[in-house]
């Protein structure tokens, strides 16, 4: 069972990413979206990489770019259409907002 | 056709926002339609379960009292995240009965069994 | 065919609503069957016809009307959430009357509609 | 005499508004001179006469009317914030007309009023 | 110059108390109000006691009681009228919400 | 009579909420009334100052561009909390000029000099 996690908030100011991390399992996919893009530079992302493969961490491309956030090469930048596809490639969705 | 089973993940403290009440309303509707619904409490959401609360002192109608009606609505799967309790130095005393305390890993496993997960 | 239900809880003044609308537009463009969009909490403000955003800013409310007209997208408004936020849920006032401030693209519903959508959809996404 | 200005940014559906109103009531009871209450951001919803909260819940909007009538408390509404949130800031519609959803206890103002209040008050408290 | 700090949020889920702590000086007064009452049991309160006297930490009595929060004996429980008085006994106010 | 001097403490990231824009509107009004106004950035608020942002990609009118008009409005006292930058691993590159980086203690001292402090 893979869950799609949409993280919309910054871990620098709220617990959403931490709580997501608490329920994350190895096949899950994590999407950084809206202010969740600030998490690209948060230390918690290292802990998350120990639970899921870095291939399973993705960021909405224009959301990161709008916020001036540098996206490391190993993190995939996706579009809204990609996000729609992922919604049906996983079994359920949790929105962390 | 099997009915979908809903999980509601409660993440907000009870009084300053309407999230707890808005989440409760959904749980009760699903219960009254005889649709399976499980309740999960994590983070600040665990404050919805602690004892000795009294929303009336805040001039509110205290929706937490309605939690005692869960059994009537066949809402029996209630889970709270152990780590969230520990972070807040809370004991296992709750204002309703039959709350299951689960370590994050088991909490996650239960949560992910549901077809639909809403977070409030 | 993949069936999707969407729940909107962010108000139109927030950029979070732009994200929700872009997601819905992308799904429609991919022929996803959106069985309904349910507006709850501050999301009900999307149905308020009196909302007046400066013309050079994003017009979330107008976007929903366009999507409704083009794709027959069902838009459901939670009546309880709406009446707490200044939408005129008065059954003696018709939606097309001058006195109603509910856009007539929206169907006034209850949470029972959310039960239906959840049962019918393959995926439910909250924005 | 101590002069106080209060800024309200929380919506009536939130218990944070109860705190604000209790603070204002306590100040009035202590003969504090409240030079004005300024409603901004989601606080403007307090002026929406269509807001309909169940009768057994706290009636924030009605509380403001009572305070206004009893103490001549000046209530200022930020027009820009209000029009974005579905209040009918149309100068062709009078506040007492059936078409306006702004409670006539509230004066429609701009941020310039906030400058005045800040200058005139000894303390400004934000809720 | 004493500032009155109104903390309305829980430090378990947001940064308001931490940010307040960053700008706190020795004569300031800290009020725990609304969800700020949950901070009675947060570790950050110990750091705050090293900056201001515990006499300068106060909690709105009915806000803590409504939330089932135990108030230690050394922390004063105040009413809304007390809060109004404190507003004029300090030079300015910051609301952390 | 001396005019009151306003400090605005900005604490939210720029795009997902309207706080940054609502705060800016107040700053510009005070500026246009020739009232003193100082701007402080702390916590997530520091993201309002970083370079290479582009709100248009979010279909927004990018209010951050208006920050370049601060000098025109005689808004010259702009302070950012050093600790908030460090927590977020941000450099001292900003999209406007003349931003003063201050350690928390000095940031606090400047802030508390103001008669009225609003936080957004």
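Annotations for the structure displayed:
Lettered A, B, C, D, E and F in written order, each chain numbered from 1.
We take it that a contact is a pair of C-beta atoms (placed from the backbone, for glycine too) under 8 Å apart; a residue touches a chain by one contact, two chains touch by 3 or more.
All figures in this text were calculated on a predicted structure; none of them were measured in a lab.
Common neighbours of chain A and chain D, listed by label, are B, C, E, F.
At the chain C-chain D interface, residue numbers used by both copies make up over half of all numbers present, so the two copies contact each other through mostly the same positions.
Between B-E and D-F, more C-beta contact pairs join the chains of B-E.
Note: centroid distance chain A to chain C, computed from Cα atoms, is 26 Å.
If you average the Cα atoms of chain B and of chain D, the two centres end up 34 Å apart. Chain F has residues 15-16, 18, 43-44, 58, 116, 119 in contact with two or more other chains. Of all residues in chain D, those that touch two or more other chains are 13, 15-16, 22, 123-124, 126. Of all residues in chain A, those touching 2 or more other chains are 8, 12-13, 15, 34, 63, 92-93, 95, 97, listed in ascending order. Screening every pair of chains for touch gives A-B, A-C, A-E, A-F, B-C, B-D, B-E, C-D, C-F, D-E, D-F, E-F. In the complex of the two chains, the chain C residues touching chain B come out as 7, 40-41, 80-81, 110-112, 114-115, 118-119, 124, 126.
On the chain E side of its complex with chain D, the touching residues are 6, 8, 33-34, 60, 63, 79-81, 83-85, 87-88, 92-93, 95, 97.
Those residues of chain D whose C-beta lies close enough to touch chain C in the complex are 11, 13, 45, 48, 50-53, 83-89, 98-99, 101.
By the touch rule above, chain F contacts chain A in their complex via residues 13-16, 43-44, 47, 50-58, 87-89.
For chain A in complex with chain B, the touching residues are 1, 3, 15, 19, 22-25, 91-97.
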